[in-house]
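Chains here go by letter, A, B and C, matching the order in which they are written, and residues are numbered from 1 within each.
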Amino acid sequence: MRKADIAVALLLMGVGILVIADSVRLGFKWGTNGPESGFFPFYLGAGLILCTCIIVFKAAIKLKKEGAGARLMPKGGLKPILWVLVPASVMILVTEFVGLHIAAALYLAFYMRAVGKIGWVTTLLISVLMPVSLYIAFDKLFLVPLPQGLWGAYLIPF
Amino acid sequence: MKRISARFQLAVLFGCFLALILSTATANAWVPTKPVEFIIPAGTGGGADVMARFISPLIEKYKLSPKPFIVVNKSGGAGAEGMLYVKGKKGDPNVIIITLDNLFTTPMATGVPFSWKDLTPVARLALDYFVLWENAEAPYKNAKEYLAAVKKEPGKFIMGGTGSAQEDQIITIMMQQDFGVKFSYVPFKGGGDVAVELVGKHINSSVNNPAEAVSQWKAGRLRPLAVIDHERINLPDWKGIPTMKEATGQDMSYLMLRGIFAAPGITKEQQEFYVNLMKKVTETPEWKKYISDMGLKGGFLSGPEYVKWLEDKDKMTKDLMAKGGLLKK
Amino acid sequence: MGGDLNNLMMGLGVALQGYNLMIAVIGLVLGIIVGVLPGLGGANGVAILIPVVVSMPATTGVILLSSIYWGALYGGSITSILFNIPGEPWSVATTFDGYPMAKGGRPGKALVLSFLSHGAGAFLGVIMLTFFAPIIAEFALKFGPAEIFSVMILTFSAFVGLGGKSPLKTVTSILFGFILAAVGMDIVSGQLRMTFGSVDLMGGFNFIVAVIGLFGLGEIFLTVEEGLKVEGVTAKVGLKDIGEGVKEILRYPKALIMGTLIGCWMGLKPGGATPASFMAYGFAKQSAKNKVEFGKGASNGIIAPEAAAHGAGTSATLPMITLGIPGSPTMAVIMGGLMIFGLQPGPMLFKEHADFVWGLIASCWVGNFIGLFLVMAFAPIFAAILKIRFAIFMPIIIYVCAIGAYAVNNRMIDVYYMIIFGILGYLFKKLDYPLAPMVLALVLGDMAEQAMRQALIMGQGNPLIFFRPPIALPIMVAALVIFFWPTISSFRKKLAAGKAG
């Protein structure tokens, strides 16, 4: 837990540094008519760096004194999370190629079958009907074009 | 994966070929093969948005296109997002964009790698006027009196406008230079907001488009001082407003583009389709009523004249922005 | 006033015609659907139907459009309560207590409470709209940038103490929210901030995308880590829940009235519904006796923001009718619709097309009333979704979330952001960074900074403009008092103790 705490705080600190760098470019002073573009970001970034420094410092002391502390996630907690995160991320990557609806059909089928151990019939039914109905609802009825990816336009020609 | 894609591309190529033969056989004209994305480089509710959302059902009503026009807002970065999106759709005939003057001002002010020359010009639909407005309860009866008062106290009078380094601020700068006055310019998100701030007396004047302030004017809350153009607005309601020259003796003109562009690299036939379609749109009675309701200046323009007009406008905008120190350093 | 009543009756006569009534029901159902789906909002529903509406008589057309709007207002909170995923921006505050209540086994009660609060908020809002429209509109005009800024400060101070265990992390989380809000175009100077030349960053971070990730995905990660405990929630909604919902609302009249008033007032300004719901939540918590229950499924924690959201939604129609400015994106699209009918929204509408305006106001009454019954009838169906096996509904939710994230701005990058925010939400939750203040900062950051800088230009750099009477001064003072209240009260206690000793 404490190591994760430090890592996240360091990450936020990095954001703070980026923000300050850009604020300096924009001008961070109090101009004649109020603050310049970078004024708020500058102090926000500075504040973020200050806060995260203290968080890191505190956590580091505790880490030294009391050890790593409780785990970030319970034992065996990481695996189910990855089982959600990885297929979802893959779905989004695949979307870039075949479009969202086809990617989602594959994703639904994979997750239900491989992770949920759902029967074949239910799996197929849902993973086909769901994308088809959402495709009709969004792309056709509501005219909200969803991502088609590189080849999606050719895969769903209607 | 690769083999499948190659096969698909072959199939598609063959399909395109077939379609080409078929289309040349039946008619010479190209028509959209799938829904056309109609991009708005601005948020919902602004002038460009309202216009696009007005045009798209008109196209449907008059069956001007076999496929519908789907309105999509891409307003990020003062419209840069929408413009770059269309720029990136090279050769895709099913994307068009409605533009306003941020077509010129946004790239100049932010340094975004984009120019209108990256797109295929389709047509100029209309021009939008600017009018100098003040609160109806203000003591200044005309533009001359108002500007004289502004001159007396530099920086005390507040001019509200839409966005920063965009048309409203450019006009403010023009006015400052032509009359030797100094306003405090306050940017707001949209033209409607500006009109309301003026009704609420939080600002002293605005250069709203007619459509943005017409309702408050008719309700007796705002007073038009002058039209910022060489001629009066030739519409029944608007004829009574003097031009800048009549009101102050100093000529001044700024008109905003309401135009259509398509993605770069499309064929002549495809461009032709959109030009004809837009021409037909501007010939409908609904459009004519719209123009007069919104206080726009009709003026359909396409082909080389449109490009020429764009070039002039581009140069003028750049000059004005350079003078006002609004160009990206 | 008597004239108003006559007009209202006339309007009701129009709205209650069979055909118009049927149109209203269709609009409401459609509205509920778009409201439920994240990323799709009333604006989409309205925009789709504009071509259909063109062929209708003006009053019928506007009844259809506004019914979609009312439906979307009702529908937005359903997913907030059931899945911790807000369907609309103003239902974010509903997740704070609605989701814990549903997770605690009472999804039916949470839904009923939310719908009833909406109904009550709408009712009070519509009364104000009907009888006080012109007065309220005049009052709204008094709000310039300085006043808006004071309201923002008031909202933030209402949220003090809403954080987690560590004040340090609360501050960090707020700062991070503000930073995310600042990315993109700065409208005051016209410069691009913190985009580092990237086109994707130019559009900034959308609040809904962040919330879908932080709350929705983050919650899914937490759930699977605990071993799919979501199953087993008995999700029956019966008449008992309705009775209990009514009882709970009567138990917390303060939350209801406070929420509605805040909503009606904030709704007058564009984009006011979201801050209104947050503000109502903050104040309800500050003034509640059961403070400890907040965040764990407190009834008044649902009532206040929901009443505020619907109150704001109702009063957002006011500036459109009376001033010609849309109070929300949906209203903007409806306004475009009005113009197709040749109706120019704004102060003249009341005078030139009174029949139309009163038809619209009457449809607010009818639409909200029918809407309440419709969502109540739907409630068991929605609650039953929770009975579906986790392995089936979880991937569907992620799919729908991806659609929602994309549809907000039609950008693929938002879908990636959603995943990143999901991981961030999980980590923040685990490490005790409170999410609510961060989301609040993300929503209001831009607005607050803009208002502040606009006011400063007007005041020529003098910050005293934020304390100008008659409106900014009292609001600012109230904000400061609320902000420092914990310090003040502890000081007073010490003083009293010192005297006693």
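As a convention for this text, a contact is a pair of C-beta atoms (placed from the backbone, for glycine too) under 8 Å apart; a residue touches a chain by one contact, two chains touch by 3 or more.
For clarity, every value in this text was computed on a predicted model and none was experimentally measured.
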**Report entry** Chain whose Cα centroid lies nearest the overall Cα centroid
**Finding:** C
Report summary line: When B-C and A-B are ranked by contacting C-beta pairs, first comes B-C
Query raised in the report: Taking each chain's centre as its mean C-alpha position, how far apart are chain A and chain C in Å?
Result: 24
Report summary line: The distance between the C-alpha centres of chain B and chain C, rounded to whole Å, is 32
Report task. Mind checking the centre-to-centre distance between chain A and chain B? Centres are C-alpha means, answer in whole Å. Result -> 36
Report summary line: Touching two or more other chains in chain A are residues 33, 143, 145
**Report entry** Contacts with 2+ other chains: residues of chain B
**Finding:** 72, 184
**Report entry** In chain C, residues with contacts to at least two other chains
**Finding:** 186, 188-189, 191, 410, 457, 460
Query raised in the report: Touching chain A in the complex: which residues of chain B?
Result: 5, 8, 11-12, 34-35, 37, 68, 70, 72, 184
Query - Sites on chain A touched by chain B in the complex - result: 33, 143, 145, 151, 153-155
Query raised in the report: Which chain B residues qualify as touching chain C in the complex?
Result: 43-45, 49-50, 53-54, 56-57, 60-61, 71-78, 80-81, 84, 109-110, 112, 155, 158, 163-166, 184-189, 192-193, 195-197, 199-200, 202-203, 214-216, 218-219, 221, 286, 289-290, 293-294, 326
Query - Complex contact set, residues of chain C against chain A - result: 34, 40, 44-45, 48, 168-169, 171-172, 175-176, 178-179, 182, 186, 188-189, 191, 193-194, 196, 220-221, 224-228, 389-392, 394-396, 398-400, 402-403, 406-407, 410, 412, 415-416, 419, 422-423, 426-428, 430-431, 433, 449, 452-453, 456-457, 460-461
**Report entry** chain C-facing residues of chain A, complex
**Finding:** 1, 4-5, 8-9, 12, 15-16, 18-19, 22, 26, 30-38, 40-41, 44-45, 47-48, 51-52, 54-55, 72-74, 77, 80-81, 83-85, 87-89, 91-92, 95-96, 100, 104, 107-108, 111-112, 115-118, 122, 126, 130-131, 134, 138, 141-147
